[in-house]
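You will see two complexes here that share chain A, one where it goes with chain B and one where it goes with chain C.
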Partner chain A sequence: MTLDDAKVLVDAPGGRHANPARHRPDLLAWAGAALVLVGALLPWAAFVLPGGAYPDRATLQFFDAPHLVSGFRLHLVLLGLAGLAGRARRPAGIGVVVIAVVHLAFLIGLGAPSAGGPVALVGGVLLVWRRPAVPALSLPLPGRVLAWPALLAAFAGLLWLVSATLTAGGQSRATNPHGGAEFLAFCGFAFALVGVLSAYGVLTWLAALTQRHRIFAFTVMLACALLLPVTGAGTGYWMTVASTIGVYAATAIGLNIVVGLAGLLDLGYVAFLGIGAFTAANLAHSVPFPVAALAGAAVAGFFGVVVGAPTLRVRGDYLAIVTLAFGEIFFRAAQNDIGGLTGGVNAIPGIPPITLFGQAFNQPVGALPGGFLYYGLAVLLVAAAMVVLVNLKHSRTGRAWEAIREDEDVARAMGVRTGRAKILAFLVGATMAGLAGAVFAHKLGTVGYESFDFSESVTLLAAVILGGMGTVPGAVVGASLLFVLPEKLREFSDYRLMLFGLALILIMRFRPRGLVSSS
Partner chain B sequence: MTLIAERVSMRFGGLVALEDVSLAVPGTGIVGLIGPNGAGKTTLFNCLTGLSAPTSGRITLGGRPLPADPAEAMRGGVARTFQNIRLFGEMSVLDNVLVGRHSRIRQSLLGALVRSPGFRRSETEAAERARAELAFVGLDPDVRRPAGSLSYGDQRRVEIARALAGDPAVLMLDEPTAGMNGAETAAIGTLIRGIRDRGIAVVVIEHDTKFIFSLCDHVHVLVRGRMLVEGPPTSVRDDPRVIEAYLGTAEC
Partner chain C sequence: MATLAQQIVNGLVLGALIGLIALGYTMVYGIVQLINFAHGEVFMVGAFGAHFISLYVLPEGVPWYAALPVMFLAAVAVSVVVAMAMERLAYRPLRGAHTLAPLITALGVSILLQEVVRVFYPGATAPLPFPRAFPDGSLAVGPVTVLWTGVLALTVAPLLGAAVHLYVERSRLGRAMRATAQDADAARLMGIDTDRVTLATFVIGGVLAGVGAVLYGIHYTQIDTAIGFQNGIFAFTAAVLGGIGSIRGAMLGALCLGLVKSLAGQYAWGGAQYDYVWVFALLILVLMFRPQGFLGRPERVRA
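Presenting the complex of A and B:
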């Protein structure tokens, strides 16, 4: 929804003034909020579990120090308080339900009866159930004096949220047996937080501010991203995870050009990541990294044109099949080590880390953790991909791509040479994936064909759809979710594809344009 | 530039859709093309816009053959609208018009990537031109909504603005008043005269003969794939052959 639409909605009859919650107190919703607060302070696990106290001293011991409300209990208290406000009620309620369900499920799995869980769950359901249908507020746009600090605060908040989400629940089951529950519950809280902000129109407002102060916002965002290593997520482990996400996010942005902008469904896109990775791996010992990276991008771009050529003849489903076949050809060729370029089942091991000015990228720099340099490189890669997407989107080329997506015949009738435009989309997308692939190869040190199978293409496509097709932050959000979740929820790895499917169905049902969408 | 069709025939297998049809669109003025359903109007229209190549005959624009490719025809100066509105629904109104300007915008990919001064100048110029076209067809140039959310009549106007943005020499309108009421039809008529006054030749296909006769400088009547009559509206209107084609012969 655009700002203008939002304004119309708020002013229209049935908008602000018809909100019943303003006029008569909604007792059930208030009861729900009260139940959430009570539930947060009740014991959640009736005894100390074998693996140690449940998160945040959730047993009866809690009453030794009731003032120490932290972790998910603090989140519940905050959400319960937010539930008192009309607009925040629904997202807060959803957050409470997620937190309660997650902890209850884990406690039941551990065989521990819970008192606080059911109470908070009932409170959360009451909050969601008594939802007032209120459209988002539309806030006036301030001048630069207020806008810049607001953007700074917003991106600082985003940095905190990213760092807190990454580190929620610790890095593995070995160090924290309740990590999965803590992480999922935190996701519920983060979702509620974003939902509340959105209900008050803050997100639309920030999006408009970002749009207006584009360069400032981009600089702050880049700075915040590079500050992640000095937050709680600044360990070698999280740097590695974050830089992997960065590589996939950059790839997803490239795919977003092909699928989101030009509307060309590509089911074999990961092959370009693979081509870039194998090219860089083969050149790693003979040329410096920048040359290998450019070579990877160029070779991938070349194959992008090769795949793009058939698009002149086929459309829609048929194109999807052609790209699917290309992905499979690449995968099988890599598996069989055709030309001795991919190492086959042995993969290509021993790729040296990137070294610039005598500094190996996998070593710590000063006080900064090892892997920081790879993380910084990944951030720059994503930033570059974003710049390419945004700048091309708002140009003659980008408009031609979107026109082809909307109606190819009309685009032709309007003077767009659609054949060239489509091949260009494949070329740009593949080049970006190839560049990402070169970083991928050096970062991992080993490149094997298994990394580029069909499910990876599907995951990338899911990241684009999940985040919001054609949007810039969408691919990053989608890629982060799809590559963080498996890392955080290793205990559910058997159900990974099922959970992806479920998430996609839910997104398509409730946000058909993706998590990040402008309208 | 004059758009000329010389002895154009179009056959689909055994079906003869057009037979030896000749038509000349002078550099200025409004040319109407009418005919009963199935007369071959749309087939002729597709030939004149480069969508299909005629089986025989020649189509030239300003003396040079018209390429049988819609993109090249548009670049050459023949722009069109569609009978059933076909806007880029998810794109903004302004972006729709900017796509119409596509072939007249000079930008390099590199310039777009680094947003060079030349690129920004060309974007500003294109946007100004697109806004001017929107204002010309009577729409608010600053509307940010997706084109698909506009009303039916406004969508038709966006289509016309989009076609005009490509600096056409000839504008082809395929039933521009389909589904409109009397007042809206009259407003479109005024708009079309305004386009003619800019020195752009206009070709209008219509069912509404009254609209065509009041609007056009020259009218062609196509019946069963043949050009039956042509001439100024007054003479065509009273031609017994036209009345017969539309109403049938009087039986007495």
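Presenting the complex of A and C:
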């Protein structure tokens, strides 16, 4: 036990938590909330910018129409109001700080900052600083009559949040020069929203509800995911982005089985995606998609066993290096067009889109945007991968994997057949990646070796770690974050890998169990 | 026959350079059982440090015998500082964490360093020509020609390797290192400051990587941000091949690896395009069938 732990123990019964001052109104915090509200109504930009007004008519507006606040000003008003309530103060304050810092930074970059930003920033800092120390609430679990509508509402809210995040700031820098700022500021608001809900114990409560009504929750979630195209994010562009994310998320779920459940660090995992993609690409002209997809999965699964075989002899760090070596061998072989199967530097072009009942998947259906069908396929792929992961995790095999992850020698002593379990983990993970690879090939229409280099393996690994190793939603959350952010923040694309590296270090240091995990 | 001899010499030069990096891997692994994935990047930043000094600090027209020592010093300084920062900021807080955490952190450090150099060093997005800080021309022995830079590498690397070996065997700090490698807890009980020993190990690794970086730069005449990762993997392979934790093994493994790469590129199926594949295949085979390498002891099961 360190000194800090000891101090907490001493503090806990009396001290700050039982301080009678808690019941008195905290004037500074209220002042912070008031500053946020005032900041929301003050002008943010000093003059009308050449490219048009700063977002949400933030220029030169001063109380002329407080009832018309929209965009980030509305978010600030909402967070300021939330900041009046004790528990919500800290997340609301963080959200305000993010919004204010982002807009200030952009406005300073444009040379036009005005009073609104600094005032809101001070208010936000006050809110963060004057947080009350109260434990999270734990809410009672209701019966089915209340639970089902609550889950419906929750997932509808989630759908709104995802759609709003995707569309925040528009899709192109050409039409909206302030898109990056708007998107980042919206992320701050979304973070604050989730934080406020978490502070009131709503998230834990929802997680428990989902756990209890698993099948209902899963159905609703699937329905919500399939409804995304009818929200504001339902453009061809976002459908394409979202289906790419879906493919990577399904791959990440496969990797989650290998790394998260069985604890076998695989640094060449993207090779299985590549094997699936190249197999499907070679078969695309001769067999229908389902056959090509199964073939891709089967070939990838076979190579999964080949790569997994050394796990019987090698463990820990050494295994990671063996998988890295396999990944590099695949990459070099694909680069050199081994056996004429990968096209080498020319890639394999002209893979036809998936066609079902005469409907090509890249064409729009009725009023739905083009790419909707690929999006639907990707959602089904992710859903299937999640079902497999959940069922495996709670099965005998899954428990064997977790035992191996915690301590291989003990697991073996307890009668777990470790060799078979480890190979099975590689087989399942690789098969999943191969299937995703087949969709990947058909969706893109071109497959080249560059898509499967080491940095892609690292990205997938980062997705799994970021989301939380071994958790079910983790890989999806991680993959969404890692593939949406570069899409939305193209002006920072140079720093993408750098930030990955930093994130890996910081997460291992401060939250080694990932973002989703509660521990 | 001439080709064979020439390829053997080429392989030995590469092996000598790789050996300097491999020593860093093997020593760190010996002390803290960490595969310091980012050690290749220590080598890479050293090369860029030397490039920076020579291009932006040294005046034009400095003779090579004056420029070369300055470049060595710069490379070593940059490498050592980066290696120390890495140990203090990234690895030390994780000591005793679960097994995959340090490896993933090392991966993060590696990517971070590569990208920082690529984005912020002027012109580093493409390969950069390395200053020619050594006489051109070559030594001809019968049908074989060796560049003078190759001769330098073949001289300096074994000497440094021997120096490190002697230092670890004879000096007080070296004895502390060996004690820490055998049993860190017992070493601590005997009054050895194991944190200091670990830091010293990273420093030695940094010195060797810095020297190796300059030798690499003047021999292959261009550098880019990928040389760290690529040669780091080679060096790790060499360290494993020779028996990780063994200093003589690392040198021996590196020479072997250099020979395999250059000979496989010449004679094996697929030619030079596939020489990497043979190196990686060798790595897999060694890890599977003789993970203790040529000179290492069989690994005991760690709790």
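The definition used in the following text is that the second predicted complex is superposed on the first by the 478 of 519 C-alpha atoms of A that agree within 3 Å, B and C clash if a C-alpha of one lies under 4 Å from a C-alpha of the other, contacts with A are read in each partner's own complex, and residues count from 1 in each chain.
Simple rule for what comes next: contacts are C-beta pairs under 8 Å (C-beta built on N, C-alpha and C of every residue); 3 or more make two chains touch, one makes a residue touch a chain.
Predicted, not measured: the structure shown is a model, and the values here were computed from it.
Taken together through their common chain A, the two structures put chain B and chain C side by side without a clash.
After overlaying the two complexes on the shared chain, residue contacts for A:Leu74 are found with neither chain B nor chain C. Of the two partner chains, neither chain B nor chain C is touched by A:Leu84. Chain A is touched at more residues by one of its partners, and among chain B and chain C that partner is C.
After overlaying the two complexes on the shared chain, residue contacts for A:Leu222 are found with neither chain B nor chain C.
Touch criterion met: A:Arg313 reaches chain C, while chain B stays clear of it. When both complexes are overlaid on chain A, the residue A:Arg396 reaches chain B alone and has no touch with chain C. Computed from Cα centres after superposition, the angle at chain A between chain B and chain C reads 70 degrees (steps of 10).
In the superposed model, A:Val416 makes contact with chain B only, not with chain C.
Contacts of A:Ile329 after superposition: chain C is touched, whereas chain B is not reached. Once the two complexes are laid over each other on the shared chain, residue contacts for A:Leu485 go to neither chain B nor chain C. Minimum Cα separation between chain B and chain C in the superposed model: 10 Å.
Overlap of the chain B and chain C interfaces on chain A comprises residues 409. Considering their complex, residues 35, 90, 93-94, 97-105, 107-116, 119, 229, 233, 236, 240, 270, 273-274, 276-277, 280-281, 283-284, 287-289, 291, 301 of chain C touch chain A. By the touch rule above, chain A contacts chain B in their complex via residues 2, 4-5, 387-388, 391-392, 394-400, 402-403, 405-407, 409-418, 424, 519.
Within the complex formed with chain C, the residues of chain A that make contact are 259, 263, 265, 267, 310, 313-314, 316-318, 320-322, 324-326, 328-329, 332-333, 335-336, 409, 454-455, 458, 461, 465, 494-495, 497-498, 500-505, 508-509, 512. Residue ranges of chain B in contact with chain A, taken from their complex: 49, 51, 69-71, 74-75, 79-80, 82, 86, 88-91, 95, 98-100, 102-103, 105, 107, 109, 112-115, 119, 123, 126, 144-146, 162-163, 166.
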